[in-house]
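In the two assemblies presented below, chain A is common to both, partnered first by chain B and then by chain C.
The block that comes next holds the complex of A and B.
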C-alpha cells in the first residue's frame, strides 16, 4: 500500500543518493562552464579574468577544429558500422554448433578484456609497425612495400584498432539476441519457402533490431570519448589527420596548459554528444519500446 | 492432391532409435490424427514428413514423387506449429503473405489470396495488427491462414490447440474440422488429446514408442482395439483391465471392460464398495474396490451413489474385450 507517508519515506531514503549523483554531475559541469568563460593559463597563473566567449570563438576558428569534428564523427560512425556488421556475421558464425564452442566464444570475447592503450600498443608495434609488424611481413612476403598505416592512413588505423576492441561487445550482445529467437519461427520460414538469406533478412535481422539499437547507443557514448588509442598510436597526427575533439581538448589542457580553452572545448563536446543522443533517441528509441 | 506414403521410415538421434521401421499410407483428402502419449515420437514423425528432420532410412513419397531428400519448401506441405511461430515484427497481412512473397507471387494475387484467407478465418479486421496484439485463438487462425494461402498438398498440425484454454479449444477444434470439410485437403494432426483425435479424425494412428499400434477409424479403435495399449489409450475414463480367475473364466489372460459398459444393478454378479464418487451431473464416475480389483464405473445421470456404499455390478457379455498373454486382442 502506497500511502502518503510511505511515499514521503521512500523519497527521503532515495534523496541522499540522488543528491550525491546530482552534485557529482553538476559540480564538474558548472566548473567547466565557469572556466570556459575565463582567461586561465597555467603558464601565467597571475593573469586571470573574464574573456566572454573568446575561448569558444578561438575553438571555432582553430584551423583543425572542423577536421577534428569530422574525425570524431568518422571514428564513431566507422567503428559502429564495422562492429555491427562484423558482429552480426561473427555471431551468426559462432551460433552454429561446433566442437569446442565454449572455448571459441571465450576467444572471440577476449579482446574486450585488453585495456585500450595496451590494445593500441599491440596493434602499433606487432601488426602495423613498418619494420617489425605482421602486416609489413605479409606485404614483403608478397613482394610489396610495407604500408605505413599510422602515417598514411592514421584515422582508418585508429578506426581499425577501436573496432577490434569493440567487436566482442557487439558480438556478445547480438549472439545472445540471436539465441533468443525461437527455432520454430525459423522452421516456419523454412516451410514457407524462405532460403537461408531470406530467413536472415526477414526473420533474424528484424529480431536483432533491438539488440543492434542497444549496441549503437552504448557504443556511441563510449566512442565519442575515445582518447587512449589515439594518444598511444598517432598522437593526433600526422599534422591533425587523426585529431578528434577529445584529443584537441587534451592538447589545449595538457600541452598548451590553457584551461579556459580546454573547458570551452569540453562544453562543445557535451553539446555535440547531446545533439547526437537526441537524434539517436529520435531515430532509434522506438525500437527499444515493446 | 495429397497422398503421402511412408515406407520403412526410421529415425535415430545418435544411438537412440526413436522410430523403428514404420509404414503408413495417408490418402488424399484424409484427416489423419497421430495420437499417443508424450514422447511416443508423433511429433518427430510429423517433422520427418515435413522435412524438418532428415530420416535415417526409408522412403517418403508425396503424390507419387520421392520426397525423401527434398527440402521442406519443395514438399508442398504447410505446417502449423504448437507455438504458432508467427513472425512478431510483421503485421497479420504480411505474416499470411510471407509464403507467397517467398514464392514471388505477383502483388495483386498475393492481396487477393490474403483477403480470401482472412475471410475464411474471420481475420478481416485484424489484418493490420501485429501478432503480439492478438489473442491465442486469433494467432492460431493467422498461423492457419499462413498455411492456407500456400494451397498445400497437405496441412501438418503439431499440437495446435495445446496452448489454448479449454473453451477455445473446443471452438478451434470445430473450426479446423469445418475447414477440412470445405478445403478437402489432406490434414495430418498431432495431438496427445484423444478427444481431439476421436472427434476430428477420419483415421487415427495410435503411436507408442515410435511404433504404430493400430491404424483405423475412431470408432473402429474404440470397438475393436487390437491390443492392450490401444484399448487403454482410447476411451475416457480408461478401460478396466482384469486378470486372474474372472479373466480365465472368459478364456483369456486379461479382460477389458469399459467404465461405461458396467451396469450397476442388484442382480449384478460382482460386488464392491464405492471409494470415490465424482458427480458431473451428466455422469457419475465411481472408483469401486470390488472382488475383481479396482474398477472405474461410469453411471449415466445422477443415481445418488456415494462413498462407502456397497453396490452390485455386471456387464453385458458382448461388451467384454479379451486379450491374450501378449496383450493382443482375441
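The block that comes next holds the complex of A and C.
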C-alpha cells in the first residue's frame, strides 16, 4: 500500500525532527571539540592558541579523574539497581488486592513531580542535616550520634536522593506491565502448587523483561547527566568523594574558568555516554523489537 | 492480576502497601508541613508534628521577597511552549515511523534517543555562547527551543509506541475512501491517538517544568522560571527552613496538583511501549 509518494511524504515528515536534532547535537559538539584543543581560559583572555592534546592529558592525569569516572558509573548503576529492585517489589505489593489503590498510586507518584533542586534541598536540610535534620533527631532519640550523611557517605546520600526521585517512574512502568499479565496463568500455577517465588521467577519476571529494559534505558539517559543534586548537596565533596564526570567538567568551566579543559572533559563524557549507549542499545534493542 | 484472597491476607498487604507509600510520600508531606511552621518551630528538637506554632508568614515573606508570578508565568510558557512545539514537530515524524517504517527506522529512533545521552554540562559553554550570539540568552523563546530539542526524542518515542498500536487497516480504509495524507492524519489518526498525545503532553510538561540545568544556565532574570526561583532560596543553608519549605512548596505545587489530577492519563502513557 505504501506507494512512492507516501514514502516521499513520510521522509519529509521525519526530516524536520532529524535535522533539528542533528543541528542540536553537532553544533555544540563541534564547538566543544574545537575548544578542547585550544588554550581558552576566561581569566587570561589575551592568550589563545592550539595546545594539542594538553587539555586531555590534564584530564586523564587529574588526581580525581578515575574517581569521578567510578562515581559516575556507581551513581548510574546504584540508582538503577535500587529503583528496579524496589520498584518491582513495590509494584508487586500495590498490584495485590489492597484497599485504596488509587490513593496509593497518588502517594507513590509524588516524588516524580518534585523538581531536582527542591528534592535535593529537602533531603539535605530537612532530613540529612546533622543538627536540624529529622534523621539526626531520630538518632538522638535512640541515643546515637547523628550520622553525617553528606560528610561521611556523600555518594551514597546522593544515590539515595536520586533513587527517591526516580522510584515512582520505575514503579509505575513496572506496575502497568504487571497489570497486563493475565491472572489465569498465575492461578493455574498456584493450583498446581507452584510456590510464590517460583510464580514470580518463572511467570511474572519474564513478563516484566521489556518493562525493565525500558526503565533502564530511559533512566540511564537521565542519570548520566545528573548534576543539580550534587551541586545542591555535596558540591562534589568532601574532597572529591562525590565528584562525578559532569561535576568535574562543571568545576573546570565555572570554578577554574578553563573552558579548554572543560571541553576536553566534555568530549570524554560524550565518548563515555556513547560507549554506554552502544552496549545498552545492543543489549536492549533485542527486547524492544517487536 | 487481581484475584480473590482471604481477608487477613488483604489486611496485611494493605497495611504493607500503605506503609511503603507513606514512607515514599513523607518527604513531600514534611516539607509542606514545615512551610507552615515558624522558623523556631521548624528546627525545634525534638521535631514538632502537632505541637508546632503554625503561621502563613513564610508564604507572605517569600511572596514579598521575590516576584513569584513572573517566575510562575515563565515556567508555564516554557513548559507548555516547548511541549506544544515539540508535539507539532514530532507527530508527523512519529506517524511516518509507525506507519511507513523503513529498514532503518529502529536505528533512527535509537539514534534520536542517544542524542539525549550527551551530558548537558559537557556542552554548556558552547550552547551558552551560541545563545548569547543569537540573542536567545535569557529569553523565553530560547528556553522553549532548548527544552523542546531536549525532550524531542522522548516525545517522538512515546508517540511512536502509541501510533504503532493503532491498526493499519483503518488507515487503509480511509485511503480507499480517498482521504489525502493530511486528512488521514487530522481526521482519522489524531482522534484515535488523542489519549496517547495527551499523556505525552503531560509527561513532557512535567519534564520541562522540572528541568533545572538549562533553565538556570541560560537565564538570569527576565526568562527565569521556578527552578531558578528555588535555586535562589537554597543558598542560606540551614537557616531559613520554613521559608525554604514555603518557596519549595510554591515551586512544585502547580505541577504536583496538575500531576495528581491527570494521574490516570499520565500513568497510562508512561509505558514507552513497555507493555504489549
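Just so it is clear, the second predicted complex is superposed on the first by the 271 of 290 C-alpha atoms of A that agree within 3 Å, B and C clash if a C-alpha of one lies under 4 Å from a C-alpha of the other, contacts with A are read in each partner's own complex, and residues count from 1 in each chain.
Simple rule for what comes next: a contact is a pair of C-beta atoms (placed from the backbone, for glycine too) under 8 Å apart; a residue touches a chain by one contact, two chains touch by 3 or more.
These numbers come from a predicted model, not from an experiment.
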Quick check on the chain A-based superposition: chain B and chain C, clash or fit?
fit
Does the superposition put A:216 against chain B (first), chain C (second), both, or neither?
neither
Name the contact category of A:31: first (chain B only), second (chain C only), both, or neither.
second
Between chain B and chain C, whom does A:202 touch in the aligned arrangement: first, second, both, or neither?
first
Which partner, chain B or chain C, touches the larger number of chain A residues?
C
Please indicate which partner A:187 is in contact with in the superposed arrangement: first for chain B, second for chain C, both, or neither.
both
First, second, both or neither for A:96, with chain B first and chain C second
second
Looking at the overlay, what does A:82 touch: chain B (first), chain C (second), both, or neither?
neither
Nearest CA pair across chain B and chain C in the overlay: distance in Å?
7
Contacts of chain A common to chain B and chain C in the A-superposed view 187
Chain C touches which residues of chain A in the complex?
1-2, 6-7, 9-11, 13-14, 16-18, 20-21, 24-25, 27-29, 31-32, 35, 90, 93-100, 104-127, 129, 131-132, 134, 137, 140-141, 164, 167-169, 172-173, 176-181, 183, 186-187, 210-211, 213-215, 217-218, 220-221, 224-225, 227-228, 232, 245-247, 249-250, 253, 259, 262-263, 265-267, 269-270, 273-274, 276-277, 281, 285, 288-289
Which residues of chain C touch chain A in their complex?
1-5, 10, 13-14, 16-18, 20-22, 24-25, 27-28, 30-31, 34, 42-43, 45-47, 89-90, 92-93, 95-97, 99-100, 106, 108, 110, 112-127, 129-130, 149, 152-154, 156, 172, 175, 181, 206, 209-213, 226-227, 230-231, 234, 237-238, 241, 244-245, 248, 251-252, 255-256, 259-260, 263, 266-268, 270-276
What part of chain A is in contact with chain B in the complex they form?
182, 184-185, 187-195, 198, 202-203, 206-207, 209, 290
Chain A partner, complex, touching residues on chain B are 50, 52, 71-73, 77-79, 81-83, 85-90, 98-99, 102-103, 132, 146, 150
